[in-house]
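Attaching a single structure in structure tokens format; questions to follow.
Here the chain labels run A, B and C in written order, and each chain numbers its own residues starting at 1.
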Amino acid sequence: MPILEAKNLTYTYSIGSPFEKTAVDHIDLSIAEGEFVGVIGHTGSGKSTLMQMMNGLLQPTSGQILLDGCDIWDKKTDRRNIRFQVGLVFQYPEYQLFEETVYQDIAFGPKNMKLSEAEIDRRVRETAEAVGLTEEQLKKAPYALSGGQKRRAAIAGVMAMEPRVLILDEPTAGLDPKGRTKILTQLQAFHKRTGCTILLVSHSMEDVARYASKLLVLSQAKVVCYDTPTGVFAQSQSLESMGLALPQITRIFKQLAEKGISFEDEVYTVKYGAELLKTRLEGRNPEC
Amino acid sequence: MLKDITLGQYFPMNSVVHRMDARYKIVITLIYLVMLFWGQQIWSLAAGLIFTATAVFCSKIPPKMIIKSIKPIVPILIFTGLINLLMLDGGDVYWKWWVIRITEEGVQTSVFMIVRICLLIAGTSLLTYTTSPIVLTDAIESLLSPMKKLKMPVHELAMMMTIALRFIPTLIEETSKIMAAQKARGADLESGSIVQRAQALVPILIPLFVSAFRRAEELALAMECRCYHGGEGRTRLRKLQSGLRDYIALAITLLMFAGVIVLNAVLH
Amino acid sequence: MESLISIRDVRFAYAAGDETEQPTEVLKGISLEIQKGELVAVLGHNGSGKSTLAKLLNAILLPTSGSVQVDGMDTTDEARLFDIRQRVGMVFQNPDNQIVATIVEEDVAFALENMGVDPDEMRERVDEALKAVKMYDFREHAPHQLSGGQKQRVAIAGIIAMRPDCIVLDEPTAMLDPQGRREVMKTIKRLNRDYGITVILITHEMDEAAQCQRVVVIDHGMVRMDDVPEKVFSKVGEMKQIGLDVPQATELIHMLREAGYPLDPEIITEEACVDALTELFSQKS
């Protein structure tokens, strides 16, 4: 059962002005519940516009967005309620922190949902734990946290709404490798625990390859493909022609295949690649 | 998109008026404004009208743009017109009802005021349409530079204006981003009483201020790294240059102003 | 080669917020020599002190103890302040917050205007700088019309126009998309190669450090490693422990080495990795 669907979806900016630009061009898409989708594409490929349409912040020029089969722009739909069900974390979300304490900031979303005090408290504490913020840090002012902590507090603010779909626009931008891994593994754990659907927009092929179950590739306002990482990386040439770099490990295995050392599976994580090589070298696998 | 909005009112074109020295344009506009208020006869208004029309024609700015600039002040025009129409008394009475009297003088003055304000707006718009904000800032700095002797921080003011102009598009973009992000957390910006709406602005204004301060700090650092130390000993890439066309334009304006003064004196 | 910048036993502490707090020492005794014409990466995680180190190089900050010298001038010498800043230019992370003017060429001219350069010479130097970063065609654009990578190149041009000996770039690609990153890295490498400008690239991206001639790893305010990238990245365990990445090629080789296969640990490129593996397989068969 798909949770989110796009039907013939189009968005055009500044219609009728000299700046008119179609950012999303007749897209059809169906995302199953519980999927971890990595969204990749260049700046200007329409990713951000598509994500903002999915939670009802932007109204499509034409076409539909369906949540559980219902059009979110139907007259009867409460759009604010849609935003609670499809949570969206913008780029550099730490710049939106505004409350006096981290606790209050995480509670902002749940408060807008008009939940009970006890429920808000439970949600704030649970999500704070999920992103690794301590009791002590919840009492602090947002500006007193480090860069990575601020980012995680901001993400927790959206998680606390317990959305069924969580969309994150480059949540690791500007962080160092340690900070990146921290957020991504926490996201993975959150996904496992809650079973919510995640859409992760990223420029890093390495990252999406490691965490996503499906990849959505966008280029020039269109969907190029929506498939498993194996399926997507099998079309390496079309990806590279779009200027999207494959993970280095995948490129290494492509080159090995050209030299006669080929494997059936697509390789997109180092660990898996090393396993395959070791097995082959030990001669246990008579594959080639 | 918000960032596509053109800055200020500048309308880039290649015309004589665009190429004029901005300092002269400012001085001419000032004389023109004084002239509009000095003249009391229909002739002086006619002179202003011809002058503006010629300037618009030379600037290649579509007259539609000039009309567009007048649109926002239509309520003020109506208000001024009505006040003059109702308050002034003199000459023939055209229409009378209860305490309201429409008289010859009222109609004359009212039309006079409306045309005068329209010309005023048209003239100043033409200045901003034909001069980019940065050049305008440079010209103001240059015109005010004698004030430096009076310890007026002319360079600092100009620098502030430049930086403000530079960051307006950035901050507009940032505002729309923050608004979208808070909406995504369920912030309700569209409904409720005035008090509720004012409260709903807090989640937008605080991050905006924080970000503006952070930007200011980083910009100050970047300026320091590029040897900024105030206006002392500073040279400029772009030199404001005046030429024959500026002198001629100024001469015409002065002649016209003189004409208006003479007319005023003779006809009184 | 001679030393352009010498950093001798530098310590630095930011003043404490209030009296009860201890001032936090960010740099704990750093010594480095930067040679003329070098392309050096300073690699470290957030909070390692690498940005503080950058700010010490052009007298934005002054060391608490120890000394920083630029071409023989001590950064504490106030009389030489503008000399030092003109020789060691600095580019920051956020391209938006370092562009001052509303037109590209005016921004590039900003430093020259401050230095009081003659307008005719200024024109020449601005054009030259814009051409060096390949942004000459955009000279009359407004900054907000440019992409992140383009803005960052304009910021670099604004520094180049001062004709510095050295450029320090503090995470110049952190806020850019992959395309912008490639543009900026290409520009930096070209400036180093064709113009002989010394480049100090502060980063936490291992693939950028791998493109430099020398990598200095900073951790907890101290120099942990200082070597060619091949040697630095071969220490996979140590790098991971610091919180830094290594190229996937190096990691793959490392995993196979741990399983007992005789491979060269100093492999950081794809090509070298593929060659080494093919050779390993040919020996096997």
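Definition applied: a residue touches a chain if its C-beta (ideal position, glycine included) is under 8 Å from a C-beta of that chain, and two chains touch if they have at least 3 such contacts.
Every value quoted in this text rests on a predicted model; they were computed, and no experiment measured them.
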Pair with more cross-chain C-beta pairs in contact, given B-C and A-B: B-C
Most widely separated chain from chain C, with each centre as the mean of CA atoms: B
Whole-Å separation of chain centres (CA-atom averages), chain A against chain C: 30
Averaged-CA centre spacing for the pair chain C and chain B, given as whole angstrom: 45
Chain centre separation (chain A, chain B; CA means) in Å: 46
Contact footprint of chain B on chain A as seen in their complex: 13-14, 17, 19, 52, 55, 57, 80, 83-84, 87-90, 93, 95-98, 108-109, 112-113, 143, 157-158, 161
Residues of chain C defined as touching chain A within the complex: 45-47, 93, 147-148, 171, 174-175, 177-180, 204, 206, 243-245, 247-249, 251-252, 255-256, 259, 261, 270, 273-274, 277-278, 280-281, 284
Chain B residues touching chain A - in the complex, by the definition given at the top: 1, 4, 177-178, 180-188, 202-203, 206-207, 210-211
List of chain B residues in touch with chain C within their complex: 3, 7, 132-134, 162-163, 165-166, 169-170, 173, 214-215, 218-219, 221-229, 233-239
Contact footprint of chain C on chain A as seen in their complex: 42-43, 146-148, 173-179, 203, 206, 243, 245, 247-249, 251-252, 255-256, 259, 261, 270-271, 273-274, 277-278, 280-281, 283
